[in-house]
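Below are two complexes that have chain A in common, paired first with chain B and then with chain C.
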Partner chain A sequence: MSTHTKPQPLGGPLWTPAFKVLAAIVGVSVLLMIWRFIAGLGATTGLSDGYPWGIWIAFDVVTGTALGCGGYAMAFLVYIFNKGDYHPLMRPAVLTSALGYTMAALAINIDVGRTPYIYKIPVFPAWWNLNSVLLEVALCVMAYVAILWLELSPAFFETWEQAGSHPALKKIAGVLHPIVKKLMIPILAVGVLLPTMHQTSLGALMLLAGQKVHGLWQTPFAPLLFLISCVAMGYGVVAMESTLATSVFKRPRETRLLARMAVVPAWLVVVYLILRLGDIVLRGRMGLAFHANIQAFMFWVEMALFIGGAAMLFSPKFKDTAKGQFQASMAVVLAGAVYRMDTYLVAYNPGKNWAYFPAVPELLITVGVVALEIMAYLYIVKRYPILGGVAAAPNVRGAE
Partner chain B sequence: MGQKEETTRHEDHLDGSSWGRRDFMKVCTMAAAAMGLPSWAAEKMAETAAGPKKPSVVWLHFQECTGCTESLLRTSHPDVANLILDLISLDYCETLFAAAGYQAEDVLKDIMAKNAGKYVLIVEGAIPTKDNGIFCKIAGKTAVDMVNEVADKAGAIIAIGSCASWGGIPSADPNPTGAQGAPQVLKGKTVVTLPGCPANPYNLLGVVLQYATFGSLPALDDKARPLFAYTRVIHEDCPRRPHFDAGRFVGKFGDEGHKLGYCLYKTGCKGPVTHANCSLLPFGEVPGAWPIGIGHPCVGCTEQAVGFRIPISTTVEISHATPPDTYAPMHAEHSNIGPVAAGVAGLVGGALIGAGLMASKKIGEGAKEKEE
Partner chain C sequence: MTVDRRTLLKGMAAAGAAAALGSAMEPATEARERRVPPPDAMGMLYDATLCIGCKTCMVACQDANGLPRDTRSSDGLYDAPDDLNSKCKNIIKLFKDGDRTSFMKAQCMHCVDPACINACMMGSLKKREHGIVTWEGERCTGCRYCGIACPYGVPKYEWEKAWPRVIKCEMCSDRIAKGQQPACCEVCPRKAVIYGKYTDLLAEAQGRLAAAPGKYEPKVFGATDGGGTQVLYLSKAGISFQDLGLPDLGETPAPDMQQTIQHSLYQGFVAPVALFAVFGAVIWRNRNASGGDGEVKP
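Moving on to the complex of A and B:
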């Protein structure tokens, strides 16, 4: 760690025009959230008994947590494979993860609507249904949100410890910082375990849906496919975040570091594709991909994005430039996102006479949740030490 | 119990005694009931069939086994004589003709001239199209030419059996003769298809009698199959369905489950994907006289994608095996995608992709300056 420049807050004004636009979007969506709690799901969403899960689950939770797998993916690389070089990417990755998971938790609350009782899940183990996949998801996501913020907490403590901050915050940092420092290794270990558990569970949820899920997505491999693709998406998000943040905030780039890392998600996508396509072919379901329907179309969209993304990540033309890295990563992230949305919505057919398309308030609430996430990101990177001075880091060890 | 009575009646017919109103009613009621028409329709059909203007039918045979004709002739109500002499006017049929050679050809020419625009053309068998259709010739004409010529002046065209409907066995891989069904050869014309190997005779009679009586054709699906016979899949009306639902399956032929009449799905039954009314309208009025009834899995003979393509022992996938645990409304709630919702969704999706592209462009612009 000592070889890298220490992360520093970006500083600068918070209330930029973009920030104000985001705030307005969040304002509208907060009003709609209140309306949802007053009027109920039927009035504000396109949900029904046949489609009890809509975009709040498919996008905000299932896709959102996968987009928040940057911290998980980087933890593998940095802590498990001990690639210290990548450490500068760690804090921003954990921040996006913490925000992604927090927003997913918020979306679950909006969807389930029993927020005052949600604390009972971790507090009353006697009531647990240990056969429930959803229980696993609920516990893991709750625990992981806490773990992610703990992982990130040194960034806050470092700021609060400085002279000039509020005495109360100073006191908190003084007490908690040493404890967190001591516990960091177990925290990191649990932080790697939890996403492994619940990302597979998100696949298992749709495995349980059985024949309601279209044959191209219904497979016992679903949990593994969800896991592999979420890690690939995690690296993709880290690369996108890095290229975008360095570009927007005019900071030194991490191009070489990202170029070296690019093969990891690329190979993950290859493994994913072998499993996915092999399973479909061996089970004699490839024919379903050639029907003239939305499912077959979306399957090919997914395949194009996965194959295209992996090819771009392998190609030096893309992986060695910031622009190419961003585009390749975007393809992989989009592929994983489409895979999730497809599994949960496009491939899901509860039977005749059920239909689902998100209602306007539903869509706007999702937009608001994402806007809130971006606002939180902007606030934190400007006020707390997240982004590191990096340019020197990869060069220290030379080309290889 | 009525067997003896039945037998004597057949003998009566063979003696040449004529058919009574009661018999017409019986056949026409069966045909009308099969199609879901009311009883007055059956009466009207009977009147038409009994009257002087019986439907004139031209029956062409191409690449086939004549199984459809055979099964039609094996029905006991009507029996052969009643059918071709009293119920319809079967004016040209190579299988049943007494005439031969030029005499037969003249008959066809005669009907086409006299009944132009009124006669019913029934096509049985696939039509070879490869090498100008030389694989099937009748009276020096290829099947393609013949069917086109006769269809041109027909009032209604019916393809009976899977061969005529979509190619059937002759079109099975590698399809050496380029066999096709009548609808593929007679492009642009309405060809009612009655796939099946063989097709159920009552489905044919229903269509012919409706056309003759009312001048109309029954409602058809997207493959021009009458909805009255091909709306539902075998699986939905299968007498063995309770065994399927209860999870009792025949493991292999001759095992205990087979003897007990369990569900044949595991042995490769194509019932779940095959549209036909075999279980509802017994062939030749013998209850149980169909594959599943005698303990053989359905082979999916009516379906082009299944019959003679998917091996008999291969199981098909069932998309919804168990009843849903929710009660769907008659009409889907929220089924209409609101214009505003679609707009917002489009806007969000577009904004995301647009932002991604813009961002990647921006990153590209800045990249060179900062790299080194």
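Moving on to the complex of A and C:
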């Protein structure tokens, strides 16, 4: 795809005021993380025996990895369906995915109570319980974090190979770059396979909770619904990220490219809605949506976001303008996020006498993890060739 | 560099390795059968018509298991757990609705097909000797999926500790190994809870029902509920098991829906390997057909 201009580092100063604010948030968050490991989960979270999982799982891990599906969604489009003209969106998508998944992995390390034992999961295959869906998620996510950084690694190698970089980095790039190049096809194939597996499994996890999950969410279709919605969210995140990077860094717009791509998540949401609503209606559960409770309310919030988001993505009024694209994409991303938070928290009912709301340190740690992710994004796009190629792209196959 | 046949062959070799791994996993991914208690299964039978709520079993349980007293709700003065928790593996509760009253003993049900065991990543929770579900600290990462999974709300967590354990009734498996009974069964002055072979207890419960049908709810809870439990319950006539806080699970084991789906997706690990092969082949073909230099640029 030689028609694309090569991605370039943005350059510019790193320690901007915004970056300093983010660093301060991360600083507070790190102190709270230390406290969490000294004082335990009870002292720092709102978790209980009734609600053993809170926002660190529901948001940081389950929603966070879905927000990190940009690389997965784009890999489908670019490598499987061979739409090479979307290539300029690929590296930024893989970067946000790598960061999203890395942060999810960090959150898991903070969330589990016996963190030092996490190493045993990959190290002791003889102990693996192959019936455990969570084991599948854990192994897949570990592997996928590595795969995403490998997919992105040429961006680092290209920089390190240049004259003037540290000799050690130059040496590393010299050894590893050819190996990664050779292995890129299996890496990319595994990179499409792994999210297919664990995003499905994230939908399957709560099946085990049976009756504890509300009837509007507890369905054997949950694995498929999670898979479809995570891909839709992936495209949404790529569009949002592109629009944001464009306006923040004053770069040429990718509006035409994104407008053409918008139908993909739109149709995915349509399929999602048919399955979701069809399943609820056919199993006679629609009545649950008309009760006066938080579950019914949140169900309609989800529906409004999914239906509204898809309608906006189909509508030329929205999809052809940068602002409209951002709004439409955000609706779909929010819809998928709320669906996940609902499945894991709102729909989960362990019985009377239990309630959950995240504690302040718990919330601040989550905010800190997101802030760290943004800092890493800013650092990498300024120092490494991630963004680029946008100007030439819309004309490559303009007639399509 | 170009993607040549060698690269593809390497990819196929990787797929082959994965397929081999898949066939090794095959025994674990067969279609789900209804589980039965192991031949050496031991259990407990709680008869609510006999219990007088003296809580002797609670004290014995704490002593036998070396549990601290739970004085959180009594200003440090009196052992008063409000439910099962990390300091209380066994609790006597009172159901009261007008004239309808009954005591209720709660502890791990030692399911025939436990949800917690399906959840557990590295087999920390397992059905071990006599079908008793026990926890092994060396294998536990503290993920708490067991707590999400258990339909009875049994596995409890030491939330106040920096190195927490999962706490639940293990039917005093250490005492059983020494030829003793679980502490609660040994001390019960009314024999409201008794310990024995699972099959004997089931026959005993059915015998009591048959001998005095008007006295009991016409059902042994645990005979089939949620695929069956090794702890069985009899309730007073007119007081349902749901009144006593037990869920209405039907006969389907809690793990069935998830495991059936998961096992069909991962049967012999064929689907993931096939997907990998297809993805790899398509990406390779696309690169070659694109007319470019064949390089895969991420």
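To be clear about the criterion, the second predicted complex is superposed on the first by the 396 of 400 C-alpha atoms of A that agree within 3 Å, B and C clash if a C-alpha of one lies under 4 Å from a C-alpha of the other, contacts with A are read in each partner's own complex, and residues count from 1 in each chain.
One rule holds in what follows: a contact is a pair of C-beta atoms (placed from the backbone, for glycine too) under 8 Å apart; a residue touches a chain by one contact, two chains touch by 3 or more.
Computed from a prediction, not measured in an experiment: that's the story for all the values here.
K.L.:
Quick check on the chain A-based superposition: chain B and chain C, clash or fit?
P.N.:
clash
K.L.:
Counting only touches as set out at the top, which of chain B and chain C does A:Q327 meet: first, second, both, neither?
P.N.:
Only chain B; A:Q327 stays clear of chain C.
K.L.:
What is the contact status of A:T255 with respect to chain B (first) and chain C (second): first, second, both, or neither?
P.N.:
In the superposition, A:T255 touches chain B alone.
K.L.:
Using the touch definition from the top, say if A:S247 reaches chain B (first), chain C (second), both or neither.
P.N.:
A:S247 sits against chain B, while chain C stays out of touch.
K.L.:
Just to be sure I read the superposition right, which of the two partners does A:P358 touch: chain B = first, chain C = second, or both, or neither?
P.N.:
first
K.L.:
For A:V367, using the defined touch cut-off, is the partner it touches chain B, chain C, both, or neither? Pick first, second, both or neither.
P.N.:
After superposing on A, A:V367 lies in contact with chain B but is clear of chain C.
K.L.:
Touching A:S48 in the superposition: chain B (first), chain C (second), both, neither?
P.N.:
It touches chain B and chain C both.
K.L.:
Which touches a greater number of chain A residues, chain B or chain C?
P.N.:
Touching more residues of chain A than the other partner does is C.
K.L.:
Look at A:Q211 in the shared chain and tell me whether it touches chain B only, chain C only, both, or neither; answer first, second, both or neither.
P.N.:
both
K.L.:
Tell me the contact category for A:P350 with respect to chain B and chain C: first, second, both or neither.
P.N.:
After superposing on A, A:P350 lies in contact with both chain B and chain C.
K.L.:
Among 45-53, 207-215, 243-251 or 261-269, indicate the stretch of chain C whose C-alpha atoms run into chain B.
P.N.:
Between chain C and chain B, the clashing stretch is 243-251.
K.L.:
In the superposed arrangement, what residues of chain A touch both chain B and chain C?
P.N.:
47-50, 210-212, 350-351, 353
K.L.:
Quick check: in the complex, which residue numbers of chain C touch chain A?
P.N.:
It is residues 1, 3, 7-8, 10-11, 14, 25, 28-29, 83-86, 115, 117-123, 138-145, 147-149, 151, 153, 156-164, 247, 249, 254-255, 257-259, 261-262, 265-266, 272, 275-276, 279-280, 282-284, 286-287, 289-290, 292-293, 295-298 of chain C that touch chain A.
K.L.:
Which positions of chain A touch chain C when the two form their complex?
P.N.:
That would be residues 1-2, 37-43, 47-50, 52-53, 79-80, 82, 84, 87, 90-91, 94, 111-115, 117-118, 120-121, 124, 127-136, 138, 151-152, 154, 178, 181-186, 188-190, 192-193, 196-197, 200-201, 204-212, 220, 223, 348, 350-351, 353 of chain A.
K.L.:
So in the complex, which bits of chain B are touching chain A?
P.N.:
317-322, 324, 326-335, 337-338, 340-342, 344-345, 348, 356, 359-364, 366-367, 370-371
K.L.:
Where on chain A is chain B touching in the complex?
P.N.:
Its residues touching chain B are 46-50, 210-212, 215, 243-244, 246-247, 250, 252-253, 255, 285, 321-323, 326-327, 330, 349-360, 363-364, 366-367.
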